[in-house]
Every structure is written in structure tokens, then in C-alpha cells.
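Look at the two complexes coming up: chain A is in both, with chain B in one and chain C in the other.
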Partner chain A sequence: MKRLVSDGPLLWQRIGVKIAFAAFVVALWEGVVRMQFVPEYLFPGPFAVLSRLAAMAWDGTLIASVQASMGRMLLGYAISVVGGLAIGVLAARSWLFKETFGSVILALQSLPSICWLPLALIWVGLDERAVLFVVVLGALFSIATSTEGAIRNIPPIYTKVGLVLGARGIRFAKDILFFAALPELIGGLKIGWTFAWRSLMAAELIRANVKGVGHILEVGRNYNDSAMMLAGMLTILGISLTVDILFFGNIERRVRRRYGLEK
Partner chain B sequence: MAVHSRKSGIVLMAVIGLCALMFSGCSRSGDSSPATAPRGTVLRLGYFPNVSHAQALLGVARGDFARALGDGTELQTSVFNAGPSVIEALYANRLDIAYIGPAPAINGFIRSRGEEVRVIAGAVENGVLIVANKNRNIPSLEALRGKTIAVPQIGNTQDISARAFVIETLKTRLKDNGGDTQVIPIPNPDIETLMSKDQLDAAWVPEPWGSRLVASGLGTVVAHERDLWPEKRFSLTCVIARRKFLEENPELVRRFLEAHVALTRDLQADRQQYAHTINEQLKRLTGKTLADEVIAGALRNVEFSVEPDVRTFDTYFSKGRLLGIFPGDTLDTGKLIDRQPLDAVLKPPTARNQETP
Partner chain C sequence: MRIEFSEISKSFSANGKGGQRIQALLPVNFVIEGGEFFSIIGPSGCGKSTLLNILAGLESPDTGFVTVDGTRVERPGPQRAVVFQEAGLMPWMTVSANVEYGLKLQGIPRAERRERAMKFLKMVHLSRYAEALPHQLSGGMRQRVSIARALALEPRVLLMDEPFSALDAQTRDVLHDELQRIWQETRTTIVFVTHNIREAVYLSDRILIMTASPGRVKRITTVPFAHPRQKSSTELSAFAAMLHDQIKEEVDKVAATELDPDWDKRPVPVAPLPYGTGEGI
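And then the complex of A and B:
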């Protein structure tokens, strides 16, 4: 029987197409390099880049860099999530807060957080804290504004029903607000992660003396080593994709299923 | 549906076509510089606001280079903090000739598989100070163990020197490799700021930045880098040319080198006479006013020589190999150093430069 709603491609089809397309991209890359629009030392091929990546994995710099960046990221992001959620809830539930700090937060959010780096450097010095500062500022305001939005977008019927059923205080926040806002909240947390990650990469690229995956690019640049720069870019891309697809993608899918938005 | 997918197909083709166009635009567009001047009539010179680039400072300030190149050729200058950025600009075809330290010159040569960089002359020897923060007790080089030492840029000549020193002489490990001694890259002007905030223990810097730290009362000289070298001398600055430029414009290179050799002789004869001119040029480039005495002191710490020093290049190559920066087992100095244009300028053998004035 022909089904009215198609299930879409099967898993093996999707994976097969992905692998074939990846092979195509690598082949295209190699092809472009071989055509020598630019000398190979300026735009190295996939083999040169992968062997550079392997060399960095072998001598330990890759793992140390990923560890350093992820450590910074997790700490900074954790601070942003706690702070951002608190500010967001306050802004959504208190008109006084919204009218005062709310507009300041909106203004600060429109300033790219990397712009804080020069100031951070003289405030807290040229160590880890300056980079952490930029990461936190990168995610904090975006998480705050999307949290506020998620709560404000809750259909009023949910909160009314909750109140009628007698939910108050913590119970109200935990059982009504949280679950009603969850799907949108996760979107906000994901955007927060992306902002924090971008700020971190910018900070690591500018501050040449902190270890990290952004620093691989800066070192490659200073050694005039384009294979190293591309290897660094691949590493950054790999981390971004892993977090986006494996972590946030999974959570989003689960939540959508729970809410009956996806099969 | 069919119409829709055909439409999106056309859009996709258009996007791919656009990308291809952009790509072809990315290919290196010959020698056309941003200026409108036709090919070969512009010489793009790179140098640093350092006393260790005295020939460039003096030659630009007095107009020696512009005069030597003649009316038909425009001199365009760019100023850099350190060598790796110079190589970057050279690879991108934005520079023709530059004053630079040996380590980035070697790196630029090796990375491009000998395609881009040629050393065409020597310029300055010695002139690197190892300065300690006055608030730290660092009486000797040995005391640098466990300290934080600033250098101008990752991969620049002082960075290689300092890191190799930590491993070879102090026999300890760098912080990056789990040790306790740290070499960190900080642009020269920021080193002074950070030392004044007491965030640095020492600096390994070319002149006049070393003398500046001493003159501003922030630092004391622990040693001159030359003390670490055999016969107490090493080549700090050389002149490099982009290989293509060298091949296509031998006459311009010759004229440039004539000016370079003449400037070197002037400085060898009486360097202090030019301290003020050099200081004025530094002021123009860095916006910072220094006492002429600081420049005079810095000039006493350097030597001038147009001879490229093969031994220095070999030493920096092995230092870079020790640090895992330079690939390959050997450095072809015969290919790296192209003496022909310099020899042509120095032709009358009696007029050969003395090593020391």
C-alpha cells in the first residue's frame, strides 16, 4: 500500500549519500590543488593536511590543544548557562528588571564579544581569564535573551492551567515554565554554545600565547605553514560538528519526540 | 514540482558558476600591486621600526632608496613587527624586498620549497639584548630558568633563539612541553607595557627595544645574545627578495643594493652621526619619542655588514630543527643565498666591506 506520508530516505541511504559526498569534496579539493591555481605550499592538498594533522596528533599538540580549548569552553559555557538562564527568567517574569537591565542586556548582546578582549587584557591580564571573560560574554547575553523569549512565548493557556491547578513558586517554575519553554530553550542554549565557540576561536587566534585549537591556526600562520592552518581549521570544524550534531542534535531530536513534534 | 526542481537546479548551477568565477579571481594576479603603476616600476620594501634595521630607517628617511631607484620607479614601504608577517606578505605577493631576521627567511625559503625567498645581502649583526625585569632577581642567564621570557612573535628570530637557549643551554623544558620556562610572543611595544605591569620576567628583543626597557627604568641587561655565539657575533638582519622579483627586475635589485651598500658604509664610518635621523624615523613609525641617547646606545650594540653570514643561517636551521619547526634535514644555503647581485655591486674587489669597522 502506498503511504500518504513518506518516511524519507532510509538510514543507510542517508549515510551512503553523506560518505559519497564527502569523497566528492575531497576529490574536488585535490583536483583544485592539482590544477595549481596557487602553489601547493599556499594551498596544500588533503593528503598533506591529513598527514600534518596526524603528525600533530602523534606529538601530542593536537590533544593538548583540544583539551585546553574544550576546558575553557566548558567552564565559560557553564558560567554563561547559569547566568544566562537566571537573567532570562528574571527578564521574562519581572517587568522592572526588563525595563532596566533588559535594555542594557539587549545592547550588550549586539556587541560582538571579541570586542571586549583588549579591555579584558588590561583588566585581568594576558592569561586564561581574559579569554574566559570573552567566552562568557559571548554566550551569556544570547542565552539570556533567548531564555526570556522562550518563557514569553509560552502559550498563556499553559501557565493559566498551571495556576488553576495550584502550581506556585518553585513548583510552577519547575513543572510548568521549564517544560513549556524547553524546546525553545534548547535552541537558545545551542546558539549560546555557537556564540561562545566563535568568541573562543577569535580570542585564541588573537592572543597568541594561550594554547588551544585556535592557537594552532596562529602558530601555522607564524610558521607560514598552510597545511598546519588547514589542519587547525579541520580540527575546529570537527569539534563544531561533533557538538552540533551528536550533542545538541540528539537532545533536540529527543525533545521533539517527547513533545510529539517528530516521530 | 518538476518546474520547481528545475528552477532550483538553475540556481544551484548559477551558484557553482559564481564560485568558480571567484576562485579564478583568487589565482595570483601576477605583479600588479594595489597601486596603478605598471609592472616593474614599483619596488615594495618591508622593514621593522628597529635599530637593527638601521639601513632601512636611514635609507627611507633620507630618500636614498628612492634616489637610487630613479624617477621611473616608485618606492612603497610597509612596516612590520617581526619576520613571520613579512613572509606572509611576500607569499601574498605584496612585498618585493625586505629587511628580515635569518630564522623567518629560512622558514620562508623552506616552506615554499625554495620558490619564494632569496637572501641577497647581510645588513646588521648582533644587537639583541636579553633584559630582565628589575623587580626580579635575574643576575645571570642561568637565572632565566623557570621564568617567563617575552619575544616579538612566534617563529621570529628571537623566538627561535630564546627557545633553543632554554633547551640547549638551560637544559630544561619549555612550558609548552611540560617544563617551567615560558617563552611568549608579545609585540615589541606591548612588552614594555606588560613589564611595567610586572607581568613579565624578561624580554629577548632586538634593539632599540632592549635599550628602551633599560632607559625606562623597567629592566636591566642580563646579557647580549652575541655572548652566546662563537666569536661573539651573528647575523641579525639580512635583505631578502622575492625570487620572481629578483629574476624579473635585476636592474632594480642592483640599484637597491647599491643604496644598501652605501648606507651600510655610511653607518660603518660614523653611526652616531645618524642617530638623530634614525630616531626621527622611528618616531614617525611608532609615534613614540625616545631620547637620542637611547638610540645612540642601541647603535653601539649593533654591527653593520653587507655580507650574508652562512654560519648564522646554518645555526638557525639547526635550532629550528631542534624545536621541530623546520622540516627537512638540510638547508641549501647555496640556493637560499644568492650572492650574484651583491657581488656585482661590490665588484671592485678592493672596495670589499670590512667585517668590523
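And then the complex of A and C:
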């Protein structure tokens, strides 16, 4: 008998297909380059890019750049998370705060955070701090608004239960509100990370004396080195995917399993 | 132990701020004695949950006040534990952590609260599931944990708002017997809200019957049978049937205001009756 509902592909099938397709894309890329529609210095092949990447890894510039960018990211993101959570909780629990600061934050959220860079440079003078400022602003407002949403969406039963059991103040916020909001909160933190990362890349591209993975692209452009630019882009993409899938994806899945939201 | 409701009234705004106001409770006065199993019944929307929430401290009355042993209720707290219609177990905590959490807030040391949690989980026959997560339990098991969590607080009074109405008839039967036994063991005062007349008659010492909305005390009836009771007892059924007839009047009032005007011209009422018929309570 024919099955009406298929179980979908198995894990090894899905991974196998992905690997095969990646190999196909690389082969296609190499093929197109070999046909020389465009000169190779404009559009280098995969082997040129990979060897450029290996060279940068060898001479230490890659590690140093990744370290510099991730250092900025972690510091800026940590500030945004702490600030964003606090603002979000305030906005969800106090209508006065929401109607005043809340509306300002909502409006500011629409402004791409990189637009703050010129002003930040004048304000704080130093490149490093101005970039940090932009990274923080990139994530702060979005984390604040999604935190507020996550708290408002908490099923009222948990707040009632928490109050009856005797939770108050900080205990109530960290034991009940935080965990009840967590599944939704993680989504907000992930988006915050993405915003912060994009802001950082933009800032590193613009400011020549801020070293980092974004800076690799700028150096590549100055030397007309397309392979270097592509190698830099691969690095950035690699970091984005690692954080998105391995870090946030993993945490999200674990939390959802624990809460019984998925198997 | 003595709980006193004095001139409690409450209204809600019907549609947001500044809208028309709905009177949920007209001034209500009554007293619940210590150790009593006290039930509140009344048609849907008459203000039973509102009354219970005011006693819990989750809502504040417009007028009047509730006192427990002479102390006014101002805010919710572990002295007045509540079991809601949904179990409301915190899904990020294990069963045992759920039961222990209230004790942790009271600063009870780990070993002692663990012991107390196990004692109450045993009471609801779930000690084997202490390390399970709430989503791994059935609905009836979750409600049992919720009862254990409330009892572990060793409250002065246990409030229950239709705790069994989301469960199937068999599970409900089992939990009725367990609740009756637990009540006799712990002698905690219980205030129990329900739609179900037979449930109220089976469990209670006294039953408060509320009028249709806006809620008032229609009357308070004493159930004249000793505990433990037999659910199949014919006297119990006869008593419930008598109560049902007396309450019919209130049901009709709700029907007249909430249902379409042609509801009682039909040979069989298709609209859901505001009272449970009590089959297999």
C-alpha cells in the first residue's frame, strides 16, 4: 500500500544531499572561472580563494582579525543584552516607561545603527569606542522591543502562580518572568546578534584603522585582490552561520525540548 | 482559622478603559470557618472566580475587604495557595522543583524542602515522577502536581477554582476521592469553586449558591452527610437533585439574558446549560 504521509528524508540523506550540492556549486564555480568569461583577477576560482584564506591563516592576520571582531562583538553584545533586557522588562511592566522612553526606542529602532557612526566619532573621538557604540545601538533596541513582546506574551497563569507561591521583585523577574519568556526571548536575542554583527561589519568596512574581519575586505579592495575579498566574505559568512546555527539554533532547540514545545 | 468577606463588590470595565462597566459582584458577606470544605457554585459568569481571586489577593475589591484570622488580605501569598483550572506547572522546572519552589522562596533549606516535596508528591501518588518534566505528564497528573505544590506550602487555606473541570470523568472521580482523603488527613480549610452540583455535594460541608450575574449570595446550604462519603449514595443524589431544582431559577435567568430568546421554545435545549448536569461527576 502507498503511504499517505512520508517520514521525510533521513538525516544521512539530508546531509549527503547537502554535501553533494556544495561540491556541485564549487565545481560550477571553478568551471565558470576556467571558461574565462571574466578575467581571473576579478573573479577568482575556489582554489585561489581557499589558498588566499590559507595564506592569511598562516601569517596570523586571519586569527588576529577574527579575534578583534569577536572581542568587539562580545563586549558590545553583552552590553546590549543587559541593557535590552532591563529596558524590555521596564517597558512591559510600567506603562509610564512604555509611553515615554518606550516610544522613543521604537522610533529609534527604525534608524539603521550605522547612521550613528559619524556622530559617535565626534562624541567619543576614538574609532574603537565609536564602533562599540554602533554595535550596542544595533542590538539594544531590537532586544528591548522583543523582550517586551516576550514578556507581554507570557501566559498569565505563570505570573499568577508565581505571585501565589510568594515570588516578588527581582526573584519574580529572574525566576518566573525570565524563564516564562525564554522560548520567545531567544528569538529576540538571535535577531539582536544579527543586527549587532551587521553593524560591526559596516563600521569595520568604513573605518580604515579599525582592524577586524570587515577590514580584510577593505584591504583587499586597496590591493585589487579579489581572492582576498572573497576569502574575507567566506570568513564572515562562516562566523555568521556558526553562531546562528550552532549556537543559537542549539540553545533554541534545547529550550523548546525542555519546555515540551517540540520533540 | 476564620475567613470573613465583608461588603465585597467588584466591577470591571467592559471594553477597555473608560468603557461601560460590568458589575461582577454586588456587596457580598459571608464567613468560612476553619477546617471547612466550602464550595461556591453559581451559573457561568456570576463572579465565582472573581470572588476567589479577591480572597487569593490576585484582585482587589472595589468596596469591602476579606480578612483571614482578622488580617486583611492585601496581596497574594503562600498562606492562601491556589489551584487553578489549568495546572500551570512551570515547564522549565522538574516536577519536584515545581513543588519545592515556593518553599525555596521561604528560605527552607534544600534537604528539608526536598523531603517535604516528596511527602506531598507521595500524597498524590506521583513520587516516581519527581524528576520528570511537566510536559511528560498527562493532564490529570499535572493537576495532581499542582495540588501537591499548593499543599506543600502548608497554607492556612487552599483555594481551588474548578480544578477538575478540564479533566475526563474517570480522572475526576479518582481525584475527588484523593482530595477528600487529603482534606481529611491535613484538615486544611478548602474553598472550592465549581459548576458541578454533584461534585459540590460530594465534597463539601457547606455550599454557597450565587445568583446569576451580578453575583450575590443566594443562600448557603449545609450538606448533612458525614465524611467520608460514597459517591454512589442515593441520598447524595437526591440532595443534589433537590439543589439542582432550587438553582434552576438562576440558570433560567442566565439563559434569558445570554442565550437567544427562542432557547426554551425548542423541544430540547441545544444551548449548553450553564450548569454541569453532573453525570459521572
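Basically, the second predicted complex is superposed on the first by the 251 of 263 C-alpha atoms of A that agree within 3 Å, B and C clash if a C-alpha of one lies under 4 Å from a C-alpha of the other, contacts with A are read in each partner's own complex, and residues count from 1 in each chain.
Here is the rule we go by: a residue touches a chain if its C-beta (ideal position, glycine included) is under 8 Å from a C-beta of that chain, and two chains touch if they have at least 3 such contacts.
Quick caveat: nothing in here was measured; it's all calculated off a predicted structure.
After superposition onto chain A, the modelled positions of chain B and chain C are compatible, with room for both. In the superposition on chain A, A:Ala180 makes contact with chain C only, not with chain B. In the superposition on chain A, contact of A:Ile251 is made with neither chain B nor chain C. When the two structures are aligned on the shared chain, A:Ile191 is found in touch with neither chain B nor chain C. Judged by the touch definition given at the top, the superposed model places A:Asn224 against chain B, while chain C stays out of reach. In the superposed model, A:Arg171 lies in contact with chain C only, and not with chain B. Vectors from the Cα centre of chain A to those of chain B and chain C enclose 160° in the overlay, to the nearest 10.
By the touch criterion defined above, A:Ile239 lies against neither chain B nor chain C after alignment on the C-alpha atoms of chain A. After superposing the two complexes on chain A, the closest approach between C-alpha atoms of chain B and chain C comes to 33 Å.
The residues of chain A shared by its contacts with chain B and with chain C come to none at all.
Across the complex, chain A is touched by residues 56-58, 75-78, 80-82, 84, 86, 88, 90-92, 101-102, 105-106, 133-136, 149, 153 of chain C.
Chain contact summary for the complex, chain B toward chain A: residues 23-24, 26-28, 84, 87-88, 91, 104, 107-108, 111-113, 115, 153-156, 176, 184-186, 194, 197, 199, 324-325.
Partner chain C is touched in their complex by these residues of chain A: 157-158, 160-161, 163-167, 171, 175-176, 179-180, 182, 258-260.
Note for the complex: chain A touches chain B at residues 32, 37-39, 41-42, 59, 125-126, 208-209, 211, 218-219, 221-225.
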